[in-house]
Structure formats: structure tokens, C-alpha cells
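The following block contains the structure, expressed as C-alpha cells.
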Amino acid sequence: MDKHLMRETILEAKRQKGVSWESLGKATGMSPVFICSACLGENSMELEQAKALAGALDLGDDIASILTEYPNKGQRAAEMITDPLVYRLNEVVMVYGETLKEVIQEKFGDGIMSAIDFTMDVDKQEDPKGDRVILTLNGKFLPYKRW
Amino acid sequence: MDKHLMRETILEAKRQKGVSWESLGKATGMSPVFICSACLGENSMELEQAKALAGALDLGDDIASILTEYPNKGQRAAEMITDPLVYRLNEVVMVYGETLKEVIQEKFGDGIMSAIDFTMDVDKQEDPKGDRVILTLNGKFLPYKRW
Amino acid sequence: MDKHLMRETILEAKRQKGVSWESLGKATGMSPVFICSACLGENSMELEQAKALAGALDLGDDIASILTEYPNKGQRAAEMITDPLVYRLNEVVMVYGETLKEVIQEKFGDGIMSAIDFTMDVDKQEDPKGDRVILTLNGKFLPYKRW
Amino acid sequence: MDKHLMRETILEAKRQKGVSWESLGKATGMSPVFICSACLGENSMELEQAKALAGALDLGDDIASILTEYPNKGQRAAEMITDPLVYRLNEVVMVYGETLKEVIQEKFGDGIMSAIDFTMDVDKQEDPKGDRVILTLNGKFLPYKRW
Amino acid sequence: MDKHLMRETILEAKRQKGVSWESLGKATGMSPVFICSACLGENSMELEQAKALAGALDLGDDIASILTEYPNKGQRAAEMITDPLVYRLNEVVMVYGETLKEVIQEKFGDGIMSAIDFTMDVDKQEDPKGDRVILTLNGKFLPYKRW
Amino acid sequence: MDKHLMRETILEAKRQKGVSWESLGKATGMSPVFICSACLGENSMELEQAKALAGALDLGDDIASILTEYPNKGQRAAEMITDPLVYRLNEVVMVYGETLKEVIQEKFGDGIMSAIDFTMDVDKQEDPKGDRVILTLNGKFLPYKRW
Amino acid sequence: MDKHLMRETILEAKRQKGVSWESLGKATGMSPVFICSACLGENSMELEQAKALAGALDLGDDIASILTEYPNKGQRAAEMITDPLVYRLNEVVMVYGETLKEVIQEKFGDGIMSAIDFTMDVDKQEDPKGDRVILTLNGKFLPYKRW
Amino acid sequence: MDKHLMRETILEAKRQKGVSWESLGKATGMSPVFICSACLGENSMELEQAKALAGALDLGDDIASILTEYPNKGQRAAEMITDPLVYRLNEVVMVYGETLKEVIQEKFGDGIMSAIDFTMDVDKQEDPKGDRVILTLNGKFLPYKRW
Amino acid sequence: MDKHLMRETILEAKRQKGVSWESLGKATGMSPVFICSACLGENSMELEQAKALAGALDLGDDIASILTEYPNKGQRAAEMITDPLVYRLNEVVMVYGETLKEVIQEKFGDGIMSAIDFTMDVDKQEDPKGDRVILTLNGKFLPYKRW
Amino acid sequence: MDKHLMRETILEAKRQKGVSWESLGKATGMSPVFICSACLGENSMELEQAKALAGALDLGDDIASILTEYPNKGQRAAEMITDPLVYRLNEVVMVYGETLKEVIQEKFGDGIMSAIDFTMDVDKQEDPKGDRVILTLNGKFLPYKRW
């Protein structure tokens, strides 16, 4: 059992049970984004979290155990970058990267937004002209150390 | 006068006047993120917007005129990608790209979040354990056409 | 059953039955280009479309079901780019990309042609000096948001 | 005088006179797409075409002469590929490249659509749900030689 | 049966029978270069050609059938480029590419040598100082369309 | 005076005098392909050759002297590869590289065609269906040493 | 005055005065590594730090002011990677990257060593068999957030 | 048995026994960093070292034997570079590479820090504001030979 | 049986018999470097050479036969380049490439050192300060043809 | 005065005086390869060496001073790699890299040939069948540390 087999097993169980990331989030008290990233093999869970998730999918302790292992992250980045949904996010970084640097530094000083002490949410804003996707990225500001 | 000279002129005027993107936003009724991206040469403004901005910086109509021209976008992407602040955003896409695809599609169906019919905000959330950067991306969902 | 096996199964069934994308289009009321892209694993179908297509090829509901899943797009881009037919299309973008930007923006303003709210047709124009391929790309214009 | 200076001179004259690629096309009997590509330095004109265009912009014979020289094509491809308008065209090739190979070969046999014996038009289709860009690519089919 | 298996089957049969591309060319009335490229999976044959070739190798109709399918071309380009024999050809393009553009355009006008309506021969010129390889590339000149 | 200035000077002189590579070849007894490659800065000449060429263009000894210097070769390869005329040659190597390896080795044994002890000619074959470009590459076969 | 001119000015002043990074560190109470990185344009200083450094080099307030600006980091990475001294550091990451991931995670859990809340020292360990370079990297451990 | 199978076998045995790199280091008298790198297939051990390690994991002589073979190093560099923990180390080289060159050369003269005559340690520094990772790189200085 | 299986078979036989490239060279009268490159699949042998080598390893005629086939060269270049031993050789070319061009051309004129009519030896020079590796590359000088 | 200007000044002085790297080596007691690499900006000299070289070229102390500065190495690697003389050296590494690893490790154990404690010579071996270039690389063997 490794992260790859874990991923396939979870996605198959999720399909068979007809549950959503949203409902798994409600059932386990975790964020759907976080759950999904762990199931795809890009994050690790605490053991209790992993057991709750495996339980919600009627999967066993071996799955829970692998969910707690520390993955190599970004393994599918090259494969996903051609997909239009993912490329648009990349395009935002290409077009607005320098702008975000200017605006974040103006508000916070020299430093970065952490991608580790970090959470993210996806919301749906209904709109008669077409619903909107709201992504909220929430990362701790880390000031550069001067020594 | 081209986008490159416009950019240098605006950044110098902003430095001389000691104004911020935030205050320029308040003075002109536009978003600081949008203003900054247009001044860096990554977005175009309506003529009235451009005149308002040039006015707020005591710059002339030639600057306003160039601000309305349609730029080639993403020109500084390669230069910015080595910067840690920008790389962290890129890392979010590398690590969470597939997750966002899963979660957005679950909520909206097959399609993408537009990076064109799109706005973005940067907020500061004060926190005793360290302030947090809140980025809100707001893009129209575009469903794939089947024909 | 995944998109890869679906693709192989459909291509084999199509070969066995000796049908064309054109005739599958007529039999199901969809565009041959769209059908082909979905069967190759680059688009998803509505369930009724998928059932109609599977039926036309005497394939079962498992194939129809996979046809409705949302694919990762562009997975074969690197493999196809060395092929002269595909490279020529890429060359058109290399040589005429800036021209199309100029001409589209002149006609529509600052924005893009959507590749999502998008259809495409392939036609044959008979010509004694050599038949001609007519590709018609039809995408919604999306103006950049200014905020 | 070289292609680069020619390009800058023509774009400046066009801006000063306030004419469009469309009106230049009408004034000279050529396609706006072709004119634009030649002025950007990606195509060459016949001498009479070049003189007509230079005349329409009140530019001299030196400009006409450079317009007839054979350019190195694709020189700005790397710079344009980050721009969203141009990337969307590239994305169409990434996502639909194999589909177009399948459909064109089904209709025409083994061969390619020429990008040399080739014309292209850009049209605007008005639509209450949002105007649409119609790109028509028209290239001679070239069958592979077997020898 | 696919192009890859076809390739292995043909190369094995050729080795077993001890025949050369040259003798296969004589036996079937086709060029050895063309035959070899089709057998490696880079070109397709007419059905009669394919049957003649399969016959000459005592292979069956399934091989002939696959030989008529339209291949994805250039699939082994990345693998072959490190080989000195192939790199030398690439080096000729690197060193003489601009020269050939100058000389071909001087003789023919603005346009290209087709790589589709194209044949190629390999000959041996005996020479006491060392035999010489003579490659003859023969491609139709295609003038750029101006429209 | 360096290779770059030499190149510009020669191309300008050639344009002013209205001579062709072909006529320069006849005037100096060298191949037009070789002359052109040396003038573009990709080959060096013997001193007598260089003086003959400079003389034919009414240029001085400084140009002749630079023509004899040993250039860095392939300096413009990246710039030329986007040009369709040059790409087609590259495509021939991509599509036929392995074929040429098979056929050359069958005729000559294990080794390569030299790109140093090498000449090349460009000829025009008139044809009512469209003139043809004939490129003849002539390189010494070099067998691999076994030691 | 920008970061590039600042860098040249500081390096020239340092050369003229014959001072070392080490002595600048002692004179200003900062780390030589930090000072050097700020002077090369890869870090920013507090205003008092910047004034102290400019003073130690007899440079003016304009230099101090630019030293406080927030730089784009990593701008010279591509140029430095061919240098053997820098490549060896990169090689350590290539060869020991996975090892460090294993060992750090074993000691600390799932997370990273910060490169922002980070200091570094260079020491010399004298050794009769050849002196040794001791690099000490000191970064805060950041645990992955689970949410 | 090859390095890949050795790696899988060792990692599985380590997991089964529930031992750490740290405790393996204590049991065998080697550095945990060195042991881990050898087990991952990036370093070779002396035979006695290898036997000690295999013994500590209750593995046989075949494992010990493979541990003494000389590996190809850096085989997983491309896979690990997307991981945030490893990227941060790479970022340190990107941001501080030129700084380290300046400071090392100032202290030692023209030369490099060896990555071969090299050791590395990972320590944990407890800190109420967050524990810190201390990496100590220790490499022999090698002066450039002048000859 | 192909080059890949041949390679594995030979390396296994060599390990079982406990022979070295050096002793295989002495047993067969060939250079250890040449033998090793052929066994790794980067060179071909004459039939007698191949039989002698296979005999020395108690391997059969099938191995000898594959050893005489002409390999695709450079197939493992991308895999080996991360290894420090191989990278150092690459670094020599990066650092001294232009120097070697200057010095070879000064001694020989415009041309190259052949990598085909080429031999190479590896020797050990014992030295109390550390043994030295002596690589001797011996290639025929090939002057550029002027035509 | 920087390394770039130093290089141009030295190459011009060498051309004016008509001296060779060989004769400069004799005049100064250094290796022609080392002198050339320092003059091209890829190595640094001791002050006495630098003064001797500058003297031999009738250049002043500013040149000698810059010759002693520590250069960034490998700055022209990308430009030189297209040149056939330099590519052949690279090809040797591509084709024989793994072979050299095998043979060097067999003779010396696990380690590398240093490219820092390293010298290189170029010799001419006269041969009626064509003179031969003899490159001798001489580098200290560095065994991997195990700790």
C-alpha cells in the first residue's frame, strides 16, 4: 500500500458511495479542500482525522495509516498544468504576481504569504449573470529575518 | 511613450508623492490591486479611470493615454518566478491544482474559473500569532460548451 | 475502467464497425469534432449524449458513464506537437498570434476569445488546385473586468 | 531601416492617423489580417501592395521597400505566449490537436493543412448573450507523398 | 496490433530473412527510405504498397493493415537527437538554417520547401579518400499566400 | 570590426549593388551556399577567397580579414527555428532521423555523415505542378573507431 | 538610482576602501552574509542598518534608501548556476534533498525549514589536511496546517 | 536485487521495526544523514558499515552487498524539486548563491566547498517561538589549480 | 534479446565472474574503455571482437550478435548528468569549452576534434597528495571544408 | 574595467601583437590552456602571473588586477554549445559518461575526478592520415566521504 494505491482506493470508494468532498467535510469536521488534497496524496492527516475519513468511506486502517504519511508534494504539477482550469490559476500568478508582491509588501512589509501555515476555501456565489467561484487563500505573513 | 516608460514614470511619481496603492484606490474609486496591475503594465483602464489616476499622481494626459492601451500580459512572469513571494503562489497551484479542479467541478460542473471576468482583493487579518494575508479570487464560472 | 481504457475501447469499436466521426455525428446529433474530442478523452458529455454515443457503437453503460467524467485536458499535447499536422496549427499561433491580438482587440476591445464557451468545425472546400481545409473557431468574446 | 524600425514607424503612423486595420484593408483591397501581420513583421508584401499600404499611411518608399523583404517568422512567439488572448489559441491546439488530426485525416486522407498556402479571417458575430469571435482558417490540404 | 508492435514484428522479420531496405525497395518498387520510414512507424502506405511489403517479408494482412494507418509523426525525435548520426543532421540545420533561407528565397521568392510533398534519397559516392554520403532532399516549393 | 558588423556591412553592400549569392558565386568561383554562410558569420574563408569576395562587393581588407576568422557556429539557431522554412528542415530530421540512421548504416556500416567535411547545394527543378527545391548534402562517411 | 546601480556603487566603494564583508559586519553589528546579500540586491535592510552600512562605506543617503527597498529575489540564479562553487550547493540539494526530507520530518513532523525566518553563517575550520568550509543554515520549522 | 529494490526493502523493514534514522545511527555508529542517503540509493557504504546496517534491520547479506555498490546520484532530483521542503533548500541556493560565493572566496580564496569530501548534520534547536532546523554543511575547501 | 537485455546480462555475468573491465581488456586485446562502452550499449563491436568478449564472460553467440548491432548512442545522457562524476566532465566543457576552441584552432586551423575517429584512455597516476585520474582523449582533427 | 572589457582588451592586444597562446605560455611559464581560460574570463591568476601576462602583452596594471579577480565561471556555456567543436566534447560526455563512471570507479573506488584540482593540455600528434588532437585531462581523485 502506497500513496498511489491509497488515492485510487479512496477515489473508487467515494465514487461507489456517491459522496462528495463537501459531505465528507461535514461528516468529519474538516475542510473539503484539505480532505481532497490529502486523498489525492498532497497532504497528510493526523491519525484521528485519517481514521474519521477512512470510516466515512468504510475503508480500513491501512488507508488511514497511509493518509498520515508525509507525501512528496507537487508530484502531478506537470500533468495538471495543461488543464484549462489549473492553467487559469497559473495565469493569475503570471499576470498578477508582481502586483501581489507590490500590494502585500505595502500592507505588511518585506516578507511572504506562507503556503505552509495556509488554508484555502472554495465557495459558490450565485449570480444571475453566471455563478462565480470564490477562492479564499489565507496564509500567515512571514517577515524576512534581518540578522 | 510606451508601457515600459509609463511604468517607470508612475512608480517614480508614486515614490515622490509618497502615496500608496491603497490611497490611490480610495482617491479614484478603483481597487488597489487593479490600479497596481495597470500601472505595472498588466491591465488597461477606461479613459476616465486613467485620467483619474494620472490626476491623482499629477501626471499628464500622455500617461493616461498609455494606461488605456491594451498590454501584452505576463511579460515579467519569468523574472518574478524566482521571488519567494511569487513562488509561494505558484506552489499553491502546483500542490493544490488538482484539488481545486476536483472541488470546483464538484460544486459547478465541468468548466473553469475565468481569469478574465475576474477580480482579486488583498486583505490583512490581524492575529496575535502573526498577521495573515487573505487573498480573495473572484472569477465567473464558465461551463464547457458541448455541441 | 478509466479514460484511457475508454478511449482504446471506443477507437477499437469504431474501427470494427467501420463508422466515421462524421456518421457518428449524424447518428447522435452532435458535432463530429466534439464527439471525437470526448472519445479521445479531452471533453466530457452530458449523460444522454454519452448514452447515445455508446449506443451508436454498441457499447455499454460503463463507457457512457466514463464519457461523462470530467477529464484532465491537454494530456497528449507534448506527444502531438511533433506531428506535422498539429505543428502547423501551432505555427499559425506562433506566426499570427500577435496579429490576432491586434485584430480581435480592434474589433472587440480588451479581452479574449474564450476557449471554453467555444465550438469548432472542420469543413472541406473542394478546389481543382487542391482541396482546402476550413477550420472555423467560434468563441465568446470575454472583456477584461476593470474593478 | 529594418523590419523592427518599420514596425515601429507603421504603428506610430497608424496611431497618429487614427486608422484601423479594417479601414486599411478597405483602402488597399487586402485582408486586415494579412496587412497587420506584414506590418508587425511576420509577412512580406508584393511591391504594389506595399506601396498602396505605405501610401494609405502617408509613409515613403523606404517603408514600402522593407515591407517587401522576407521576414524571419515567429520572432515574437515566446513573448506573446504568456498573453491570455494568445494562450487561448495555443490551448485550443493543446486540447484539440489530436481531434483535428483525426477529423481532418478522416475527411482528406493522410496529410496536413498548409500554413503557407493559407488565409485567415476574423469576424464578429453579434449575440445578446455576448458577441462571438469567429476565426476562419483556410489552408490547402497537402497529401503526404509516397515514393 | 498497433504501430509499435508492427514495427517490432517487421524489424524481427527483416532480421530473420536477412533482407535489406535496399532489396525490399527493389522487390516492391518503392524507395528504401520511404519503406524504412513506414516500417519504423513514421509514414503510411497505400494498401497495395502495404500488401507488397508484407508479402516480401512473409507477413500477414494485419501488418499490411496497420501500415496503412496514419501515424503520429516524430514520436522518437527526442530519443534520436543524442545519437551522433542524427545530431549531425540537426547541426546542419543549426549552422546552415539561415543560409538555406537566404539561398532558397533568392531562387524561389518568399516561401518554403515542403516537407510533405517531399522525397529523399540516400546514395553512396565511392571515394579513395573516404566514401561520401549523398542525401538528396526534394520538396515542392510553396509560396506564401498574400491575401 | 567583428563578425556581427561584418555581416551587416556585407548584407548592406550586397543590397546596394543588387547582386545575388548566385552571381557572387560565379564571380569568385565559390559555392553560393558557402559564400552566404561565411557572410552570415557561420563559416570562415581562406584569405584569397575572402579578398575575392570583398573585392566583388567593393569592400576593404578589414572585411576580408574578419571573413577569415573562425566563427562560433550556430549562434542564430534559436532565433531561426520558429521560421517555417527552417522548421521544415528540422521536421525532416525529427520525422526521418531514425530512418536515415537505418539506411546510412545499412549502406556504410556503423558511423556518421560528417557535417565538417561537408558541402551542400541548392537547386531549382522546374515543374508545371510547382517548382521543386533540391537540396543535396554531401558529407564524408566517418566509421566509428573500435579500439 | 535602482538596485542594480546601488550594487555596482557599493562593490566599487568596497574595493576602493579595501574592506571586507567580515569587517563591515563588525563595524555595523550585522552578519557578513546578510550584509553581502543586501548589497548584491537580494535582501532589504532596516533604515538604521542601511545608514550604518552606507556610513561605513562613506556612501550617501540615496544608497541607504535603496538598501531599504524590497528586492525581487533570485534574479541572478540562472547566471550563477554554471559556477562550480554555486553548483556544488545545488548538487547537495539534488543528491541529499530526499534525505533531508526524511531526516527533518523524522525529527519535526510534516513541515518545512523556513527560508524566510532564516539565517546563515559561513565559518572556516582550519585543518592540516585542508581547511574546511562550514555552512550553518538556521531556519524556523513550519508545520503544515491541517484544517 | 538492485538499488531500487534495496530501497523499498529497507524502507519497509524500517517501517515494520518502527526504528528511526536516528536510532539506526546510534546502533551502527554512523551519521543518520549518511545512513539515510545510502538507504535511499544516493551513497555507498563500506562493507562493514553495510553489514552493520543490514544487521540492525534484520536484513541479509544481499542487502548489505547492494549497499556497497556505487550509485548513480541525483536520480530523484527532478521528482523532489516540487516538494516545498526541498524547494526551500533550492531557494536558499537561488537567493544566496552569489552571496556565498562572495563570502567563501573572501575567507578562502578562489575555489569551492567540496560536495564529495563533505558531511552534513541535521539538528533541532528548541525555541518557544517555534523550534528551528539547524543544517550544518561541512566541506573541504578546494583551491583552483593554476598551472 | 535487445541492447537493454544484453547490457543486464553482461553486467550480471561480469559481477558473477568477478572480472574487471581492465582484465577483460587484457583477455581480448581491446581497450577497457571501448569494451565497457560497448557492453553498456553505446558502441558496436566487430564480430570477432564480440565473440572474444562473450567468450571471456562465458556468454553465448546471441550476446555476441547483439554486441555487433549499431546502437542509438547517448540514450542515458539525461539520467547520468545529475551524477557528480559525470557532471564534473560536463563542467569541464562548460568552463573550458571556449578555451579549447581557441587553443585547438590556434594549433590546427578551423575545424574540430572528431568524436567518431576517436579513442579514450583512463589512467591512474599515483600521488602521495592523492592519486590523480588521467583522461586522454585522442581524436582526428577534421578541417572545415570550404567549397 | 570588468572581466568583459578585460577580455576584449586582451584579445585585441594579442591580435595586434600577433602572438599565440602558445608563445604567451612560453614567455610566462604558464600553460597556454590556463592562460587562455583566464584571459577569456573563466579563471583567475596569482598577481605575479597576471603581471607577467599583462607585461607580455604590453598592457597595464589594471588588466593585471582584473586578471586576479575571481570570475563567475561557465558564463558562455549556453552560447558555445551550438558550436561543433564544443558540441563534440559534450557528445563525448553524453556517449561515454557512464563508461567513464564505470572505469574510473573500478580503478579508484567511489568518488570523482576533480574539476578544480585539475589541469588540461592540448597536443598535436602528426599523422599522415590526418593529424590528431590529444586532450589530456588530469584531475585529483576525490573519494566520497562516509560518515
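Each chain gets a letter, A, B, C, D, E, F, G, H, I and J, in the order it is written, and its residues are counted from 1.
The criterion applied here is as follows: a residue touches a chain if its C-beta (ideal position, glycine included) is under 8 Å from a C-beta of that chain, and two chains touch if they have at least 3 such contacts.
Keep in mind that this is a model prediction, so the values were computed, not measured.
Counting only chains that touch, the fewest steps needed to get from chain G to chain J is 1. When the contact pairs of B-H are matched by residue number across G-J, A-G or G-I, over half of them reappear in G-I.
Should one ask which of B-G and D-E has more C-beta pairs in contact, the pair is D-E. Averaging Cα coordinates per chain places chain A and chain E 49 Å apart.
Distance from the chain D centre to the chain H centre is 55 Å, each centre being the mean of its Cα atoms. Chain B and chain C have centres, each the mean of its CA atoms, that are 32 Å apart.
Separation between the centroids of chain C and chain F, computed from CA atoms only, is 42 Å. Counting partner chains per residue, chain G has residues 72-74, 77, 80, 82-84, 91, 94-95, 101, 105, 111-112, 114-118, 142 touching two or more of them. Under the touch rule stated earlier, the contacting chain pairs are A-B, A-C, A-D, A-G, A-H, B-C, B-D, B-G, B-H, C-D, C-E, C-F, D-E, D-F, E-F, E-I, E-J, F-I, F-J, G-H, G-I, G-J, H-I, H-J, I-J. Those residues of chain H that touch chain B in the complex are listed here as 82, 84, 87, 91, 94-95. Here chain A touches chain B in the complex through residues 20-22, 32-33, 36-37, 40, 42, 73-74, 76-77, 80-81, 83-86, 88-108, 111-115, 117-118, 120, 122, 124-125, 127, 129-142, going by the rule given at the top. Chain contact summary for the complex, chain B toward chain D: residues 72-75, 77, 115-116. Remark: chain C residues 79-80, 82-84 touch chain E in the complex.
In the complex of the two chains, the chain E residues touching chain D come out as 30-31, 34, 43-46, 49, 70, 72, 101, 105, 110-112, 114, 116-119, 142-147.
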